[in-house]
Structures are given as structure tokens and as C-alpha cells.
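Here it is: the structure, laid out below.
A, B, C and D label the chains in the order they appear, each numbered from 1.
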């Protein structure tokens, strides 16, 4: 049995290896990446459903007859959504900086940037909460209302999850200081953040622009 | 000797008594404690894996007995043992639990148990998430069967077509139970898939490059990726269905009159539903390759071909779902394309069969129970695959679809292609899991009984289908003349039940009294056979370096072993993805109560979602709290004090480094 | 492994039995015995009774919380063309049924009487046109339209254009009696 | 050896049983129409090809079983197999794969051609168009007359078709998904709500056949059958004309007339239609010519007096969950009612 190590065995000493490496070298990064793959699949299916509803509905979007005022041109309002989009996209700046400073172990910067990202995040959530009204439909009005609410809701769920992670790391950094594991966590948080922003750019185009410029 | 001395000695050459004391320390570090609380929180991949397998088999027995009851009802025409109400609940619960509570979880459970051992690591990548997914799976199963006992078992078929399962025709809470069970099990399956992929990518023993990975690990890798891309579809669609049905929500995803589409459901479901079949079949191919290699006493013929065909199966598997919808009003052209792809997928499966047959042809056979089960696999699965070719043809499918022919087909594929290899695998790995051999003769009897019983049940169904018997009928008229073949099938069902009893008896008896198995009773190749059976909690005291495509068969006496992993914390070795050269030491986590709490909250959230939408925010908040505690406790484990000191500093505000206090 | 088996079996068994004790099973008898309709004195000509006033018998409609019966009642509601006058509860020629006003009483036996006897000014009598138990199903459904039925048993939305909030989403109204409109008074 | 027996036997059992099961009023391998014949021949092609493949694989295994040497755990595993043998095996496997590909290709082409042939009937205008509506759990059948809609004949759970004529079936469903399957005449087609579909078929063997719902549709999915009669165009025409006549009202004082009064005054008329009377319910099957139908309750009962009585008084026993309510009638009322129904020729 090879477990009992005889003197003949060559020792492959790993004690000098590091305990933390960033990105694809770490299991955590992979776990996060795969979960994001799952969520991407989810959003892909949601988009597919959106277009199947589009094919079933003529005119698209359907005239709003369920509630007053009755609208025959029921394109979603753009003002608030665009503000939201801007907030979400600009939140990239602090999150990229956070990612960088985590890699360079700049504790001071991290402690400044974490609250900033969190505020961006919370603002985005609040905007999203009011953004639902600019769809002009309720989820229970018709399939178009259902799918648009579903898409916005799923993404809002991710914003909230992001905020929770942010809060956790904030708490940890201020209570316990920063160590390697949490530097890694910060970079992974960054990946999640980029994904949330990127997905929203696509979803924004589909939910708000496709109805206006129907192909 | 003291800790410091040991740490000094880590890298130098060590004497046998030091090995002994090191092992003692490892035992303590990886000990999960005793008692009920320890049992609740124990997240070691071996105990979780075994729980998965045992629980799945319990559900297997339960839904199997449902099947026997249904066969009894169909024994003769105009039978009145089960009314339509009961019968519908029975076949829906049978299908749902066989698919979501037995076939997939048991395959994942085997993976959770075997993969870390087979690739030579001490623990799965995310042990606590692993425990979490086990609890979710358990709760989902309990939910389904309790619902059945309460006479609110789902009754719309295991693929719950709308509008029959919709808010208007799916009366009561029955379909909600179904959709919540599906959602919960899928979450757990997805979590396990992620776990397995990361484990395989990062934790293989040094030298086990991708091209040296055992075929079973390959099949689990492919399966995990299939799960990751297939399961979201069904999770989402079941959620949408429950939202359509839920009071105060009542969305319109599947309501044709408001822009929804009943066919959308079928697309979504089968986009998951067909890959599901391969999610069950691919791990089984891994079992087959392992068992054949061991009992034909030669390396598997066509390693690359087998890997490639597994991957090809995965890809094509996503492009065939419409062949479940050939009778629906869909455009002709689309259907022809899916005929082509459905026939295309036969090719990789053919390649696999040919490779295995060739391996057997070129080998010297050591005929033991596992191999006998594999013979059964050939006899049944090949037939099922061929009837699959028939169902791929649109015109033929319009005659065979939704008849007993189809019932026969997918039982040939799933039981032949999934369950026979699984039983073989249980007979094969039972010694490793428990340290005792299963009785070989009983195993052979078991296999033969199962084979005969199976063919008695399901072969007549082909003919019944051609004779016009639709599936899911709770009875049939006398003048149809289906009585005799149904009687034959029912008798076969009882034979299968006897076979199952033989299995259970064999397992229980051998577990208590069976002969002690050595480390490697079959003279097998893969790494798990190098450790004691059952393996120690930490699997490997010294992770060996892999020197060839056949791990143990190529291993030289003085192969290199890994030293220098920390003794006082649960440390794993991370290697590079492609050629598995050591990269870093990773500290993993021990027992925790948080997985259980989070699972309770998640499952509770889904279950209450049958009644009120407010369960979502509540569950989200509570699980956020739980996860906070979970991650906090993850982070506050003590860190190894030696080696790569620069990585173990805590940086305070000024950024001035200071030493970690243990 | 042994302990695992034991504990899992025990755990699931206990949970199951606990739930069974807790909830009662959803019965779907297709051949159910229904409350006796003869005991319903639909039209009270006088409240003056010999001796002590006897309480009018309260009749429990066992369909109130039965999902199957409610949905059957819903089908009858359109099949028997109640929709023709009451629309989908919003009311048209007939009074609305999803509000809190009840002219002839909101109790099951009162609604039963209304359906069986008919009411002045347009409500036809369904005596002998429906078996009692279907009238009871109809009664249960009518009550569910104003949210009187438990939400987990009330029917969900239909698979057609949405004209009203589904019965399982309407918030429960507090029934109150409404005056009989002049036109609807029984001829003396 | 014993173990292999069933595996080897499977094929012969298959041939035997399938052959023996040829025949039956609800069989896909007993075609009574040109489409069904195409499908049946396609089936036999597939059957024999796949059967051969199966036999080959099994024979290989069995031969290997007898010729291969035995070994045990101690046997030294063959880790570096003899390259020449390996290469030969590789070539053979490659050949086998090639053969598989070719076979599949051939099968695919055959299937496409059969498919086109089966659908080719729709190209010329049909001689007869029938609208079939699926309900839980019965079939509403309407023979349409483009020229004069008043000539439309509505019946239930029975389908009469003239042989040698092209019949167009227009399918639609108002509740859940059903699927109309008449194995002897044509493959099945789903009735999806909002997706009205059509298919064409032609019967060329006179006889009585069964059709059945093939998509699970609720409690009585098992008892949602439709009786098909393929007959000579003349017989068909007489049947159709009979269907267009409104049955003569029973003369006063007879038991039938009393039955008619019961029918009209009680529950029945709420759901059923009898043309020529006030009964105009659309909920249940049209009963105008019920006496002419071979079966009642969607093919679950022979159309006899006792069965009618049993069905009227306690349908929930015969088809649990069916929408027909249970009724209490005194015995002579019941007698009168059935007498009236039996008079509706």
C-alpha cells in the first residue's frame, strides 16, 4: 500500500507553496465563475421567453387596457431606467479600484472604497425599486408585464445579493482587518460586480430599447 | 514530539514513528466529533456522499413500491384497486421522485464520494456547500412524499404540461408541491455540480494531468457541466409555473390569451428534460468504463474516443429536445432538423459501446457480480438505444409517442443505462465504502433476477404500445385485449421487487457480517484503492504523485509523495488545471451548523411560496443572516503559522505588518 | 452508514407523521354526501312562532374549503350562464357578487336558497335543474368570489383574458346586508 | 450462460410477439389506411435494421464470453497492450462506426421520405372535412358542409369515414392538451389550446376501429376514446343523411314522451342538446342521435338500456371525476328517460 511512506519515497515538499493566489488559481474564483455561468443561463432563458412573448403579442408592447389611463403607445418610460443604468455603470469605477487595491493590498484604499461601492449599490437598488413603474404594466396584467417584471426582479435580486456580500466584507474589514483570504474575496466580489453590470447593460437594451425599435 | 519539532521536520525525511505521530495529529485535525450534533454538521465528502446514496436509495424503494402498486392496478382490464385520482398521483410521484430524488442525486452522491478519492485529494472543494445541498435534497424528498401521504401529491405527470398543471385546471396545491420539489432539488444539484467541477479542476493529485484523469472523473466533469447549463431551465420554468398559480401573483407566462404560450412550457421543460437523461447516463458510462477495465484486467480501449464521445454527447444532448414534441403543431422543417440531431447523438453512444465491447474482447475476464451487472447493462441499454433511433424519426414517432412503447423505451434506457451500472458500481465500491465485501453469489442472483424481471415488465410494453395502449391510463377496456401482456408485465414487476429485496438483504447482511475487504479487493487501478477501506477522514496522509495513465497499475514502488501540508488545519493541495502541478496550499473548512440552518430556511421559503409571495423576502432576509454567520465562521478559522509567512500577515489600518496570533 | 440510515429514516418518518397529524388530508370524494337541502326554510313568511323562537338550523357547506368543489362550482357558474347576468362577479343586469353587499344573505344556506328558489325581478329558480350537491358547489364558489373561501382552496386565474382578480387573490370582504331594491320586492 | 438467455431471446420474442400482435382495432401495425400503411412499412424497416444491430452486438459479447480467458484479481493488468492488436481493433471499431453512420443516414432518409409521403395527402382538396374538438373527457365531432352550414352534423365520440376518400380533420381544444390518435389510420396529433391544427387521412379498409386520447389530460384520460367506422361511401352517405334529420317527437301518452318531458324539465337539458327540442346545452355531448351510437360515455360502455341507466344514475362510479352529475330518479322515471333516449335514432 502506497500510503505507508517508505524511506525510498521521494518527498514532494509543498510547505513553501503560498496559501492564497488570485483569479483562476483559486477554487473560490472558480466556484463564483460557475455560479455566474448558471445565472447567465437563467437570464438567457428569460430573454428567450421575452422574445417568445414578443412573437405572441401584436402590437408589441400590447396597449395598456388593464389600468387607467389607457395607453395605446405603451413603451416603457426611459428617464428613471437611464439614471439607473448610469448609476450601475459608474459603479464600475469604484469596484475596479477596489479590485486593484485588493490586489495591491492597499488596506486604506479598501476601507475607503468599500463604503463607496456599497452606497452605489444601495442607490441602484432604490432606483430599481421605483423603476418597475416605468414599465407601465403590472406583472399580473399580461405575459409582457410578467416577463419584464421577472427580468427586472431577477436582476434586482442580484443587486441585493451583491449588497449583502459588500456589507459582509465591509464588516469584516472594519472589525478584523484584512487578510489574504479576504483580499481574494474582494477580487471575487469584483468579478461578480462586473458580471452584474454587464448583464444589466444587455437586459436594459432588451427591456427598454427593443420595444421601441422593434426589428 | 512537540508541534515546533514536527514543523521543522516537515520537509526533511521522516522516520516511521514520525509518520505514526503525524497520522495521529491528522486524525485529530480532521475529526468530526461524535454524537447527533456532530452527525448533523459533519460535512466530510465521504459521509455526505454516503448519505446521498442511502437517502436516494430509500426514495428509490418508495417510488419503486408505487410502481408495483400501479402495475397491480394495470394487472387486468377495468381494475379498481386505484382510482384515477390515486393513480395520477402515483405515477406523477413515481416519475418525479425517480428522476429528481433518485437518479440524479444518487449519481451525484457517488460522485461526491468517489471523485475526491479518485483524484487524490483530502476533501471536496466546498464541503459546507456540499452538506447544504444534501439537506436541500433531503427536504425536497420529504416534501414530495409527505404531500403524497396527505393526498395532495402532484397529479399532472412528471413533466406537468400546462394548461393541465396551470392555475385553471391544476386544482388545489398539488402541482405547487411538484414545482417546489423540482426547484429545491435543482438548487441542490446545481450546487453539487459546481462543487465537483471545482474539485476536479483544482485538486487533482500532482501529475494527474487531464489526459491521465480516470474516465469516471471525466464523465462526472462532463455531467457537472451539463447540469450547470440544463438545470436552470427547469428551475426557472417551475418557478414561473408556481408564480402563474400563486395567489396575489398570478402571472401570465403560460396563458395563451394574455400573450403567454403553452408550448413555451414544453420547450423550457424538454430543454432541461433531454439533457437530464444524459446527466443520468454519463456517470453510468463512467462506472462501466471503470468496472470493465478492472474486470477485463486491461486498460480501457479507446480512452480518447470515450472522453470525446462523452463530450460530444453533452453538446448534442442540448440540441435534441424537440423530439419530445413531434406530435405538437410545430413546423415540419424544424422537426426534421431535430430528427437529424437525435440520430446524430446515437453515434457517440455507439462509439462508447464499441470501445467497451472491444475492451472486453481483448481482455481476460474476472467474472464477478459487478461485471455481471454490466452484462445486463449491455443486454438492456443497447435495445433501449435502438428503440430511441425509432423514436427519433418524426413519422414513426407520431405512432409511438406517448404510448407504452415510449414507457418501455425510456425504462430500457434509464434502468439499463443508468441503474444496472449503478448497481454494478455499488457492488464494486461497497468494499471501499464500508470495508466489507458484498456477497458475490447473491450479487449474481440479484443481477439475473433483475434482468429477467425487467424484461418481463418492459418488453411487453413495446408491443402494447404498438397495439395502441397510451401511457398514463389508469385502466383499459376489456375488448382492447391488452390484458395478457399487462398481466405478464405485472408479474415481472414482482420479480423486480424480489430482486430489490435480495439487494437490500445482501447490503444489510454484508454490512454487518460480510468478509473484511482489503485495500484493493479487485486489483483495481484507480487511486481510491490505495487507501484503507473505509478511507480515513483525510483520505491521504501522503498524496501520491501520478506517474501514468493508469494510476495504481503504473505506480512504481518509490513514487514521490506530497509532504508539507499543514497538520493542524484541514489543508488541501491545489494544482494547476491542465497538467496538475502543485500550485498552492488551500485551507478548507470543517463541520458547521450553518449549512443545515440555511437549508431549512431555503426549503421553508420554497414551501411557503406555495401559499404566499411574502415568503420570498422573508426567506431572503433570513438566509442572508444565516450566510453572514456561515461566511464569518468560515473566515475565523486559524491560519497555518509556518510557510509563506508573507501571505499570513494581517494588515491593520497603517498597513504595518504584524504576525498572526494562533 | 448504519446510523445514517436509521437517523434519516427516523427523521423523515417523524416529520411525516407530525405533518399528517397537523394537517387534514385534502379529500376529493367524487360521490360525496351533501348537506340536506330540505332543512332549509328558504322563504320566511313570518318570524312569529309558537312558543320559544327556535334558532334557524345552521348548515355547514363542506365544500367551502374544497379546491375541487370550488373549481367545479366555477365551471357551473359559466356553464349555467350565471355569467349572463352577474358577469364574472362584477354584476350587470344582476347584482355584483364580488362585493360585500348581500341582498338575500351571505350564509351558504341563504345563497343555496337564492339559487334553488330564485328571487324576484330576474333571478331564475334552478330547482330540479341542478342536483343539490352541484348547487352547494356553486354556493361555495359564489362565496369565494368575495373572498369568503380560504385562499389556498379558491380557484386561481383562468387561462383567458383577465376580467377580474382571481378568486384566490381577492381580499376577503366583510359581508353586510343590503336593502332589497324596490323593484325586487315580492308581490303582495 | 443462463443470464444471456433472455438477452439472446429478446429478439426472437420480439419478432414472434410483434408478429402475433399484428391485428386489432387499435393497432399501429394493422394499417387500414394509406398513411398508416406507410408508417407500418417504415416501422418494419426500422425494426429489422435495429434488430440486426442488436443481434450483432449480443453475438459479439456471447462469443467473447466463450472464447476469452478467465482471470482473477491477482492477474497482472495489461497496461501496455500489444500495439498490433490495438491497431487492428482500432481499425475494426472505426469501420463499425462508419457502418453505424451510414445506417443512420439511410434510416434518416427513409424516415424523411415516409414523412413527406404521409403529409402529401394534404395537397389536393379534401372530400370531407370534420372538426374534432377535445373536451375533458370526450370528443365533439362536427361534419362540416361548406355549402350549407345548416347541414352540419354534430355528434360525439364516434367518427364515420367513407373509404377511399380524403378526410380532413380539423383539431382544436378548449381546455387542456389532448391528442387524437387513430393507430389504424394515422399517427397522433396534439390538440393544443390556441393552436388549431389539421391532418388528412384516407381509410381504405372498411371496419370498426378505435381512437383514443394520447396526451394525459386529467382524471378520465383513460376513458376518452372515439369509435371509428370506415364504411363504403354509400353507407356513409346514408348515415350522414340520418344524422341531418331531426328525430321525430314521440307521440303523446307514450312512455317516450314522458321521458322527453323528464329530459327537458330536469337536469339533462341544462347540458345536452337534442335538436328539435328546447334542450340546447353545449356542456355535454350532443344527444340528438344517441340511440344510433354503438357506445356511450366516450367509449367506456356499450350503448344498452342498463348501461344508460347505470350511467345516468351514477356516472361517478363508471368515470370518477367526470363532469356528468349523479342523478336520483324513481325507477319508472329512469325507464321513461332511457326509453326516450333509445328512441333518438
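As a working rule, a residue touches a chain if its C-beta (ideal position, glycine included) is under 8 Å from a C-beta of that chain, and two chains touch if they have at least 3 such contacts.
Fair warning: this is a prediction, and the values are worked out from it, not measured in the lab.
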Most C-beta contact pairs, which chains? B-D
For subunit B and subunit D, what's the span in angstrom between their mean Cα positions? 38
Report the inter-centroid distance (CA atoms only) between subunit C and subunit D in whole Å. 39
Computed distance of Cα centres, subunit D from subunit A, in Å: 51
So, what's the distance in Å between the C-alpha centres of subunit C and subunit A? 47
Residues of subunit A that touch at least two other chains are 140-142
Where subunit B touches two or more other chains simultaneously, the residues are 85, 163, 169, 249-250, 252, 255-258, 261
Of all residues in subunit D, which are in touch with two or more distinct other chains? 193, 320-321
When you check every pair of chains, which ones turn out to touch? A-B, A-C, B-C, B-D, C-D
What part of subunit C is in contact with subunit B in the complex they form? 1-5, 7-9, 12, 15-16, 19-20, 23, 25-28, 30, 67-68, 71, 151-162, 166, 168-169
Partner subunit B, residues of subunit D touching it in the complex: 2-4, 6-7, 10, 13-14, 17-18, 21, 24, 26-29, 38-39, 42-43, 46-47, 50, 53-54, 57-58, 60-61, 64-65, 68-79, 81, 85-86, 89-90, 92-93, 96-97, 100-101, 104, 107-108, 111-112, 114-115, 118-119, 136, 175-177, 179, 181, 183, 186-190, 192-195, 197, 210, 212-223, 225, 299-300, 320-321
Where on subunit B does subunit A make contact in their complex? 10-11, 13-14, 19, 125-126, 129, 190, 193-195, 197-198, 201-203, 206, 228-229, 231-233, 235-236, 240, 243, 249-253, 255-256, 258-261, 264, 268, 271, 519, 530-532, 540-542, 544-545, 552, 555, 557-566, 573-574, 577, 582-587, 620, 624, 627-628, 631-632, 635-636, 639-640, 642-644, 647-653, 655, 660
Subunit D touches which residues of subunit C in the complex? 30-31, 72, 75, 79-80, 128-131, 133-134, 159
Where on subunit B does subunit C make contact in their complex? 36, 39, 47, 50-51, 54-55, 58, 85, 138, 141-142, 145-146, 149-152, 163, 166-169, 171-173, 244-250, 252, 254-258, 433-434, 511, 610-611
